[in-house]
Amino acid sequence: MNDATDNRDPIIRFDKVVKRFGDHVVLDELDFEVQRGEKVTIIGPSGSGKSTVLRILMTLEEINGGVVYVGGEPLWHQRKGESLEPAGEQHLRQMRSHLGMVFQQFNLFPHMTVLRNLTEAPVQVLGVSKAEAKQRGMELLEMVGLTDQASKYPHQLSGGQQQRVGIARALAMRPKIMLFDEPTSALDPELVGEVLNVIRTLADEHDLTMLLVTHEMHFARQVSDRICFFDKGRIKEQGKPEEIFTAPKEERTKAFLKAVLDPDD
Amino acid sequence: MFFGIEWDTSSQWAFAVSIFPILLHGLVVTLQATVVGFFIALILGLVLAALKSAPTRFIRWPAKLVTEFIRDTPLLIQLFFLFYVLPEFGLTLPAFLTGALALGVQYSAYTSEVYRAGLEAVAKGQREAARALNLASARTFTHIILPQAIPRIIPALGNYLVSIMKDVPVLSVVTVLEMLGVAKIIGDRTGGYLIPLSMVGGLYLVMTIIASFGVRYLDTHLPKRGLSLK
Amino acid sequence: MEWTSYLAPLSQGAWVTVQLTVYSTILGALCAFLFGLGKLSHNPLVKGISVAYIEIFRGTSLLVQLFWIYFALPIMGQAIGLDLRFPPVVAGVVALALNIGAYGAEVVRGAVQAVPKEQYEAATALNFTGRKRLWRITLPQAIPEMMPTFGNLAVQNLKDTALVSLISLGDMAFRAEQIRNFTQDSVTVYTLVLFMYFGMALVLTACMKLLERYVGRWRAAGR
């Protein structure tokens, strides 16, 4: 759909972003763009900074350098005349409303029923009426195929069901951008499919911008417009799924794909 | 005048300085009561813990009930009970000893739980391992379980030592001249409660801060993987 | 004198003990949340006040605190031109609440810190404000964690109420001492009172268990 070098109005733009944990450089002057409606999958060895990209976008990790733009607005900064200043909580809340996140460990609220997990934030944060939030919540549960579980608590659900609730919960806030942080890594193998199906439906039927970090290579190939291979805090190689998976140019990419696709070899 | 020391009410500062040695007399009594009470609690707690793990429920259950009863009733009433009831059975102890005994009884309920919890935490996995190694059970206890339980038990006991110290003022009701009782009497006689009571509060803070450093030191410096008993 | 004749004055005292326990436990729980959360505050003043409160009231003896509030505070009030003379019941409830609240504050802090960081992140991702995150996400998960220790503290507080008899408040311990003075029948009086305290403690423990089950009912769903 979009070429990696396409430059028109990206919804996400990382401009020389640096992130360090102590002495360890996680993102090394990263430049990265995502177009509106684009589905991008980030792959790469662990510790390459994949999840950090998502966590920075969700404002869960601060950055140490550079600027992140979401919808043209700086995420971690506020414009003050010509210069940029570190953002205050009000600005961060404003920016966060564009984003939704699905976590590896689901992170559902254990003290709330499934339906309440979906309605709490819309009611408390967006000020939606309870009746409206419930109706929308039930629609979302139908989408993920869990209407019959609405009044259960998260611990009564399987991991796959919990993650489907996690996706519905993020969608309930009507984000423009959905971030998926290894959504199936914590699941038993037989439960992975049901979660991937929900994400696939979402990718096919909605114009959401989607950013995925996953180890499910076949799935990534099916749903993505573009694959980014991360290595040592930078994009080593990116392109259409066919290019990356069938004819990678970089040695590092080849080695990584060989390791994940033929682990027995 | 108290303990043969005169106080000087010419100024607040002079008053504070003059009663300080009097309060130190009380502080010594406080520390003595703490140590004696703690010692009694250690022994009585061990007895209760042993009874609670007795092989027959005819001993186990009453021991548990007694522990619960001691833990759920006020130190003050236990103290009065010992102070007024023991003499009726012909056992007349000095007030100090009665007080220390009351502290010991009250805290034996807590120390017995510390022993039990400490031993149980270790025993579960280790006892089976030891059985597999075919060690006789007395030997298992002294050589394997105890050395690992002690580092868990000692810091918890240390915390109760501090608690006992904070409960010593209750002993003043049976005329034990510990620090708070002394300060109260100075206040009664001079009408100036503020300075002696504040000084007692300050001295208590100093003592508990020192004690909690001690407990933390024990906690970090005891070998976590077990203590050699040889 | 028959031991049954002690029951009327003792039950009068028991009622005072119950009231003292209820009021000071509720007020103490308020202190616990206020200062326990205060200790986690990013505001250095709020944090400093909370830490000072916790350290002072945990670091000194309850009886010292009670005497200080009842005997010393009025003198200090005089010096600064305020009437800080409190009736024994107020001094008693305040001292008990402040004391137990300081222990409770550490429990609150610990339980709040024990809520997984992932819950905090999920709430942030859903754009909760700091305050709503605390009330809607953190506390409902932290409170069931606090309950077992709160139960112990409530019983501790019940036992501690006996000390207010020393500032001549007519609770159960005070009545017992009166009867003993009058009858010299110490064995009966103190045995009776010990069992009354024990009974109250059992009832209080049962109430706290019910409360524990209520605030943690989501944990038991479907199990």
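For clarity, chains are labelled A, B and C in written order, and residue numbers in each chain start from 1.
By our rule, a contact is a pair of C-beta atoms (placed from the backbone, for glycine too) under 8 Å apart; a residue touches a chain by one contact, two chains touch by 3 or more.
If you're wondering where the values come from, they're calculated on a predicted model, not measured in any experiment.
Participant: Report the chain whose mean Cα position is at the greatest distance from that of chain A.
Facilitator: Of all chains, B has its centre farthest from that of chain A.
Participant: By C-alpha centroid distance to the whole-protein centroid, which chain wins?
Facilitator: Smallest centre-to-centre distance to the global C-alpha mean: chain C.
Participant: When all chain pairs are ranked by how many C-beta pairs they have in contact, which pair ranks first?
Facilitator: B-C
Participant: Could you grab the centroid distance between chain A and chain B? Build each centroid from C-alpha atoms only and quote it in angstrom.
Facilitator: Roughly 57 Å separates the two chain centres.
Participant: Starting from the mean Cα coordinates of chain B and chain C, work out the distance between those two points in Å.
Facilitator: Computed value for the inter-centroid distance: 22 Å.
Participant: From the mean C-alpha coordinate of chain A to that of chain C, what's the distance rounded to whole Å?
Facilitator: So the centre of chain A lies 47 Å away from the centre of chain C.
Participant: Spell out the residues on chain C that touch chain A in their complex, using ranges where they run on.
Facilitator: 118-119, 121-122, 124-130, 132, 136-137, 140-141, 218-219, 221-222
Participant: Taking the complex as given, what residues does chain B use to touch chain C?
Facilitator: For chain B paired with chain C, touching residues are 69, 71-78, 80-81, 84-85, 88, 165-170, 172-173, 180, 184, 187, 192-194, 197-198, 200-201, 204-205, 208-209.
Participant: Show me the residue ranges of chain C that touch chain B in the complex, using the header's touch definition.
Facilitator: 55-56, 58-65, 67-68, 71-72, 75-76, 79, 155, 159-163, 165-166, 173, 176-177, 180, 186-187, 190-191, 193-194, 197-198, 201-202, 205
Participant: List the residues on chain A that touch chain C in their complex, please.
Facilitator: Touching chain C: residues 58-60, 89, 93, 96-97, 99-101, 103, 105, 107-112, 120-121, 124-125, 152-153, 155-156, 169-170, 173 of chain A.
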